[in-house]
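Notes to accompany the following structure.
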Amino acid sequence: MAVNTQPIVRLNHVCKSYGDHQILKDINLELEAGKFYTLLGPSGCGKTTILRTIAGFTAVTSGEVEFDGKVINGLPANQRQVNTVFQDYALFPHMNVAENVAFGLKLHKVSKDEIDQRVQDALAMVQLADFGDREISEISGGQQQRVAIARALVMRPKVLLLDEPLSALDAKLRKDMQYELRDLQQRLGITFLFVTHDQEEALAMSDEIFVMNDGAILQGGSPVDIYDEPINHFVANFIGESNIIPGKMLKDFEVEFVGKAFECADGGMRPNEAVEVVLRPEDLDIVAANQGKLVVTVDSQLFRGNYFEIVAYDSDHNEWLVHSTNPADEGEPIGLTFDPQDIHVMRLNESEAAFDARLEQYEDD
Amino acid sequence: MQRKQRLSRNTAYFIPYMLWILLFVIAPVLLLIYQSFFNIDGQFTFANYQTYFSSNTYLMMTLNSVWYAFLITLATLLISYPTAYVLNETKYPQLWLLLIIMPTWINLLLKAYAFIGIFSQSGIANQFLSFIGIGPQQLLFTNFSFIFVAAYIQIPFMVLPIYNSISELNPSYVNASRDLGATNWQTFSRVIFPLTLPGVKAGIQAVFIPSLSLFMLTRLIGGNKVITLGTAIEEHFLTTMNWGMGSTIGVVLIIAMVIIMMLTSGGKRRTRKGMTK
Amino acid sequence: MSLRNFKWRNLYLWLVFIVLYAPIIFLIVYSFSKGDTMNNFHGFTWSHYQDLFADSRLIAIFLDTLLVALLSSILATVIGTLGALGINNTTKAITKNTLLSLNNILMVSPDVIIGASFLIFFTALKIPLGFGSVLLSHIAFSIPIVVLMVLPKIQEMSSSLLDAAADLGANNWQLLSQVIVPYIMPGIFSGFFMALTYSLDDFAVTFFVTGNGFTTLSVEIYSRARQGINLEINALSGLMFLMALILVVGYYFINQYSRKHRRTATRGRRK
């Protein structure tokens, strides 16, 4: 992997609006060469628009799109060194598999021998070496997906943009493709920018995730960071499952919720500041009612295969989701225990910069 | 977005088409309207319209033309709807459809000419009538023959849109209707027919307007007994050379056309919106 | 569905089918009949066809008709395809709808109106009536059908297809020539074919704008038919039926061939 301190793609204060409707609100992001990035957010959050501004299909309203240190705002899509894998694959129906893959190379006047060689290599890379003569209509959705990837990769782009490419595949195939894409990215060492609304996909594949909502990036970071330390209610809810309980920060490393004080790992807030507390369902352990840090009453449970999903309520009527390997008795009280570091405290309306600075100060244990 | 801006910057390729719209769509209509305000001596006048709307001959002719167009459309519809319906249930509907449409590739004039032979005094139709004991009748140059031949010519144009809307009909609507206890007739009248109405309207549009203006059939088959708006226009333009009056009738025909389009397309838009996913 | 029910349905279809074809077959059968009426078949003869081929005036008219049809449909296809591309590129819904409405005016207008208004138009511009005015008219009334055949193919093309082509480095011209036109080719082809049949079929418009010196088959048949039965016209209809058949079959095979040919060509290249 090339060591390169300069980001390959950088967006500076990028805004995009259609009339009065703001699609992107002051987007800043940097992509380093050779990493797998994911833009994650619900549909309509603007993630695909970011992709399109980088690809050159959509002009920004203000701000700068930089590629390799140069501003490329005015550069048309056909002159950018990025390639895209489209959500609907966008394979040309009037060409066969090999012609689709060769299309870009022909436009760039690559010699015929080299085209043949590179097309073969690209098809082999996506395990379609013998499919060159097939018509697009003759191959399956999963194979079309691979052709679309090969068609983009054969151009040897510095950045590959992937617009929800797995969304049309069935669950099993999607899992396989996750491994394959990750593997492909690491072998080729080029930058992938992947757009999805599927948090599992994002967590499984990415080096770094940008969580978006409503035209803004809420939080960027490694999958583990984002999962363990979501910046706000939205991120905590969107990534994985969470119990989000209103609470009060008594002092550094001590937070109060459901009327009790608990030791925690967070700090840097005002005394008695109102906060939200996140506890992941899998971090909660069930003990006898009299031994728990918290007592909740089981309301209902569902068997999920590898665990039981238990819904319970505490004395303040907060809902608690608990994942447990053992079933509980509905209507009975149970005790919940958790470690101080399982508690994650979120300030209300904290910016990403302030969040990062506070974290650095208080989480070096 | 950017692509659109980029492409539309270069609009030279669009010029021939725009020229066509200007010269062959807009200009002729305007000229026709303009011409309708001139009498046979080239003087500006409203007299053409006064004559048209005050003369019994013209008004009766218009009513007659509309009446015959209505009869032709009705006859065509009554034959075509069952045809399209049955067509949709055959094993090879596309092949049948092609066979139904094929005759439209035969020149209209030849088909009209065939009927001159079929309906003539001792033609095959009269031979048949004699054979079953009715005896020969005057067939050619009657209103019946005019309607028969016109309907014959128009059938494919009615079958096609109706077939399209029937074949697009999602079969689960029919199943749902049966499931909810509707009889075959109820299913047809409450579900199938309303949902295929856009096709019927398109068919009516395709048949009624030309039926108002057929002029060669009135001459070759109708023996000038039926004078349609089309016949009157042709006569004023090419025989009496009274272009002003011909244009006036033309304007009336255009207005009739617009009214029919509004009647048949307004409903179409509503149903189409209701039918799209 | 009971068997009996099914038979009734098919019987109806067959009946419609027979009624549609009977007059055409009737015409052709009598083109081989001795005598000169369409009343009784008097025995087989080629003589009407011989008359037809000896009729140099009719042959000339036939060739003129073919020339007008080919020229007008080629030009209408080019202009109509460019028009459909332009309509598709308009960004405002109002402009697009206006253009489409204008496009459809000639589609729904009765032939007599088109003929009469074109006649006024040519007279006003002092364009002499004859081959030129007929050709212009045929181009004019064929353009909208080409647009209607091509536009759905353009709209069916997903915008990501164009994005993909640009993404892979295509400029505007390459976008048009290597992606858009090949993609919409079936639409262009149907448009051309429809234009051809429109032109060959037209009587009313041509009748208005043709003047004295020039005539097409339709107009010629009309003036002869008004004088009564003439089995030479039957022979002509036999030929025209054959021509229509060749057109239809040709259309079908060219369609099949172009699809197959493309496949085998690419296969061959890669081997």
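Note that the chains are named A, B and C in the order they appear, and that numbering of residues resets to 1 at the start of each chain.
Criterion: a residue touches a chain if its C-beta (ideal position, glycine included) is under 8 Å from a C-beta of that chain, and two chains touch if they have at least 3 such contacts.
Everything numeric in this text was worked out from a predicted model, so none of it was measured.
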Original post:
Using CA atom means as chain centres, which chain is nearest the centre of all the protein shown?
Top reply: C
Original post:
Out of B-C and A-C, which chain pair has the most contact pairs?
Top reply: B-C
**OP:** Just give me the whole-number Å value for how far the CA centre of chain A lies from that of chain B.
**Re:** 59
Original post:
If you average the CA atoms of chain B and of chain C, how many Å lie between those two points?
Top reply: 18
**OP:** Return the distance between the CA-based centres of chain A and chain C, expressed in whole Å.
**Re:** 56
**OP:** Hunt down the residues of chain C that sit against at least two other chains at once, touch-wise.
**Re:** 163, 166
Subject >> Set of chain B residues in contact with two or more other chains >> reply: 3, 6
Original post:
What are the residues of chain A that contact at least two other chains?
Top reply: 56-57, 76-77
Original post:
Where on chain C is chain B touching in the complex?
Top reply: 9-10, 12-13, 16-17, 19-21, 23-24, 26-27, 30, 37-39, 78-80, 82-83, 85-86, 89-91, 99, 102-103, 105-106, 108-121, 124, 136, 139-140, 143, 147, 159, 162-163, 166, 172, 197, 200-201, 203-204, 207-208, 217-218, 221-222, 225-226, 228-229, 233, 236-237, 240-241, 244, 247-248
Subject >> chain A to chain C touching residues, read off their complex >> reply: 55-57, 76-79, 82-84, 86-88, 90-94, 96, 98-99, 103-104, 107-108, 132-133, 135, 151-152, 155
Original post:
Where on chain C does chain A make contact in their complex?
Top reply: 158, 160-161, 163-171, 174, 178-179, 182-183, 185, 262-263, 266-267, 270
Subject >> chain B residues within the chain C interface of the complex >> reply: 3-4, 6-8, 10-11, 13-14, 16-18, 20-21, 23-29, 31-32, 35, 79, 82-83, 86-87, 89-90, 96, 99-100, 102-118, 120, 122-124, 127, 152, 155-156, 205, 209-210, 212-213, 215-216, 219-220, 229-230, 233-234, 237-238, 243, 246-247, 250, 253-254, 257, 261
